[in-house]
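Listed below are the structures to be examined.
Next come two complexes built around chain A: one with chain B, the other with chain C.
Coming up: the complex of A and B.
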């Protein structure tokens, strides 16, 4: 108890220095948390993938379409419960920087496969009735102020021309980790329009999302689908939704790795600051340490004094940093809008922050504690400043 | 009169551990600051080097990238017949009608399936890109299912060495050569004969038309005429402008993220400098009193402590830049969001980055040392001399 009191008194002796150190820790732990959350956001698509969903695409690359009649062939394969087509639309809403994902989908079967997209029944019926209708996610609707009944014009980059869609439904995510920044409309509408404008590009599908009866048979069914179209004009590649999503992340892996590295650099920066604070503190108190030793306190006691002070400052600063991470992440996620569809602080991020705080607190105290333990009473008592 | 410079130097030397820790923190901030700019510069240089100043690049209107562009044969012929276009050695117009597709190849080592730009080119393509040089093997034969691969591709992908077979588009393509294109985006591409590629991907149209202008000054006139021609739905750009746009999203992302991080991190480093300098002032109160009693002015004291903080910044800045310059040995490759394909580029250090980073480091030291220096200069002589 006395030790704890002494530690706290010591920590508050240089109020300005302690305050500055705590402030530095706060900034560092906060930015560490945000960077980790950015990395998490990168993987959010893969994290939200369901094990019973597969994605079939052209084996050449994602940009090569598949014939629409594959839909029926895939459905006929044993173990397949449902199939839905999806085309990446890549339209521009007003300005290129307003990016959000848009998909032309087989409405009924696709939405049935994604129960995590919660749509009110009346809105769903209205969407299914309207050929030019669209379903938008809650986050997307909030970002651009879309309301049910609004007309949204998109300028196509893959499918030329300006396309107008009427928002008929807004979906909510079943969990905070569900991506609600997407825009869905009818594949039939896209296909009909393409047929009149560029007939040779009609009846083409970007990917098929396949739902299987038994997630345990995913690998076997994937192989069966690919075998069905082997040696045809358009061979397919089928993988689980998770593998498909990770494939995207992997291609930008260099950026993810860079962010990861940088997030640890900030911890090193704050470690340098914290170690400096402790080194200065210990140097100024050499005479006291000598006095304590002269009174009979051992090196262990001095060590725990210094470690205790260092940990106390580190933990206070980090606790404030962790507490601030949540509101700041919320604000940042809202500001970024649809760029990061899911931006939520995960439990593992908080644990990592706490672990970093402990490591910084301990590491910063090592050298000063060693020095204090080794100080000779005579030298210490003689020391000035 | 100023206080001698050696006083400042010796002070930093006496508190070596503190100096190293403070400057080390700043060095890391400068490292991040410089590395991000080097990355951005490397990316820009790669894509700018890709475009030739007197080439034009024609794609479908509002197609953001070559892969989403479609230029049908009739439109391409209209472009080819324009009088501004240069005539090559054989009397043919310097025009390459190209088809660009993406194929997926496994990356060497990790096996990650990665999008690779594959470009089918006409015969004039090599005249249009003089930066391209065959370093191994030979060019592909027109009409044969042969490909040549860029240096980055040959190095980073399995089965892309000269002599091996690549399978895509329902056919097997023999790799007959390897080319080097002066660090431009072509280094991350595979090239083949345009007609062969078009057939295997069942395309009936081109993706883009690249042409040389006899006189680059005629671009605005040509652009105006082609873009208003009712038969055409095309965008005409100088090649350099086109490739610069291709890098914009990635480049903005890198620079915004980097700038935000540097600013936030620098707060930490400045706090470090502030702590150090406050401590320096506190432990030297007696010295400051003595100096003042000897007749040094408040402004000299202020200057000395500011100089000391700034020196800390300089030491940190130099160390950070040394660390960052090592990054020049690293090549990174990532997906370019706009072209949706793999792009390799290097960290590139320029004199401008060196200057800006050092300036940033000095600023950090100066800002961190300002308040402590003011406190030092405002101490009254008597109080300072009395302090122990």
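Coming up: the complex of A and C.
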């Protein structure tokens, strides 16, 4: 109790210095949390992937389509429960900066594979009835003000022309980490339109999403699918949905690595600031440490004083930083719109922030504590007056 | 533990420091005893070694050679932890600049050495109240050092020095930072600790007036006893 009292009173001796250090920690821990959340957002697709979902694409490139008739052959493979086609549409809504993912899908089978997309029954029925209908995620609807019944024109880039869709349903996510920034419409509508506009591009699919009966057989079934189309004109590459998503992230991995490095550099900088503060503090109190030693207090007590003060400052600053991470991340996520489909502070980020606070608090105190423990009483007492 | 009639026994004590690669002798073959209950003033010019001798007797520095028994204990034979424990039970410190913890009240400063004992909070409070009453500061227990005059701070330091009831009090220029009136009050108080509580007191001073309060005076000159 006395030790705690002494630690807290010592921490408040230089109020401005302590306040500035706490502010520095707050900013550092907040920045670290936001940067980690950006990294998490990058991997959110992979994190949300289901183990029983596979993705089959061309073995050449994602840009190379597969024949639509592969759908039936894949469905016939042992262990496959369902198959759905999906085409990346890449349309522009009003202007290029309004980016959001758009997919033409086999509506019934695709949506059945994604139970995390929660659609009201009446809206789902309306969507299935309307060949030009679309399903949009809640975040996307909020970002652009889409309502059920609205007509959304998209200017095609891969599929030229202006395409009009009617919003028939808005889906919510089963959890806050579900991506609700997507736009789905009927693959049949796309295919019929392409057949009239550019017949040579009809009956082609970007990827097939495959649901298997047993996630434990994912590798075996993936191999079976690829073997089915081996030595054909359009060989396939099948992988788990998670591996497929990570493949996307890998393309921008350098950015993710840079963000990670910057986040830890921020922590290292505040560690240096904190260590300097504690070194200054300990230097100013040499005479007090010498006096305590003369009175019979051991190096352990002095170490506890310094470690305690350093940890107290670090934890106060970090607690404020962690607390602020949530509203700031919410604001930041809203500002980013659909660029980051999921921008939520994860539990692991909070734990990392807490761990950084402890590491900073402890590391900053190591050298001052060692010096205080080693100070010769007669030398320390000379520092008075 | 062997008992000694003398509170302090010093034999052939030497001490030197290293400064800039040079060995500077400070104490050179000092031998004398301090009787239990004595009040000794160590006097001498700056650099004569009087503070060094006090530090050695108090167990906060170590001699190069020689024998040093305090309260019958060969303190040079103790390791750091043992020496710290010995100091906490046997030596009370009075410093020139009081050396109080600025973030603790007068009460808490005096209570500090008792935290190393097994006394309960109630027992500690009783002891502290008694010590502060003895030094005339019963009405200042909640004051921080910055709210006290120099003389009052030194009296708090004296209360802290006697709180564990040590046999020996060491005082290094205890009036060096005080005006004449406050210095006189402090010296009278230290004298009372010797006379009424029977404490053995060793006080370093270069002020002849302060030394008059002591029962005996030892003069040091260039690391040697002058008398």
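In this text, the second predicted complex is superposed on the first by the 383 of 385 C-alpha atoms of A that agree within 3 Å, B and C clash if a C-alpha of one lies under 4 Å from a C-alpha of the other, contacts with A are read in each partner's own complex, and residues count from 1 in each chain.
Here, a contact is a pair of C-beta atoms (placed from the backbone, for glycine too) under 8 Å apart; a residue touches a chain by one contact, two chains touch by 3 or more.
Model, not experiment: these values are computed from the prediction.
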| item | value |
| --- | --- |
| Touching partner for A:296 - first (chain B), second (chain C), both, neither | second |
| First, second, both or neither for A:92, with chain B first and chain C second | first |
| Touched partner set for A:310, first chain B, second chain C, both or neither | neither |
| Partner chain(s) touched by A:251 [first = chain B, second = chain C, both, neither] | first |
| Touched partner set for A:37, first chain B, second chain C, both or neither | neither |
| Partner chain in contact with A:353 - chain B first, chain C second, else both or neither | neither |
| First, second, both or neither for A:238, with chain B first and chain C second | neither |
| Broader residue contact with chain A after superposition on the shared chain, chain B or chain C | B |
| Partner chain in contact with A:143 - chain B first, chain C second, else both or neither | neither |
| Which superposed partner A:287 touches (first chain B, second chain C, both, neither) | second |
| Set intersection of chain A contacts, chain C complex versus chain B complex | 384-385 |
| Contact footprint of chain C on chain A as seen in their complex | 2, 5-6, 9-10, 13, 287-288, 291-298, 376-378, 381, 384-385 |
| Chain B - residues contacting chain A, complex | 17-18, 21-22, 24-25, 28-29, 31-32, 39, 60-64, 67-68, 101-104, 110, 112-115, 168-170, 201-202, 204, 233, 253, 257, 261, 264-265, 267-269, 271-272, 274-276, 278-279, 283, 332-335, 340, 342, 388 |
| Complex contact set, residues of chain C against chain A | 55, 58, 60-61, 81, 84-85, 87-89, 93, 95-97, 99, 101-104, 108, 112-113, 115-116, 160, 177 |
| Contact footprint of chain B on chain A as seen in their complex | 16-17, 20-21, 23-24, 27-28, 31, 35, 59-64, 90, 92, 96, 155-158, 160, 200, 233, 235, 237, 247-248, 250-255, 258-259, 262, 265-266, 268-270, 272-273, 275-277, 279-280, 284, 367, 384-385 |
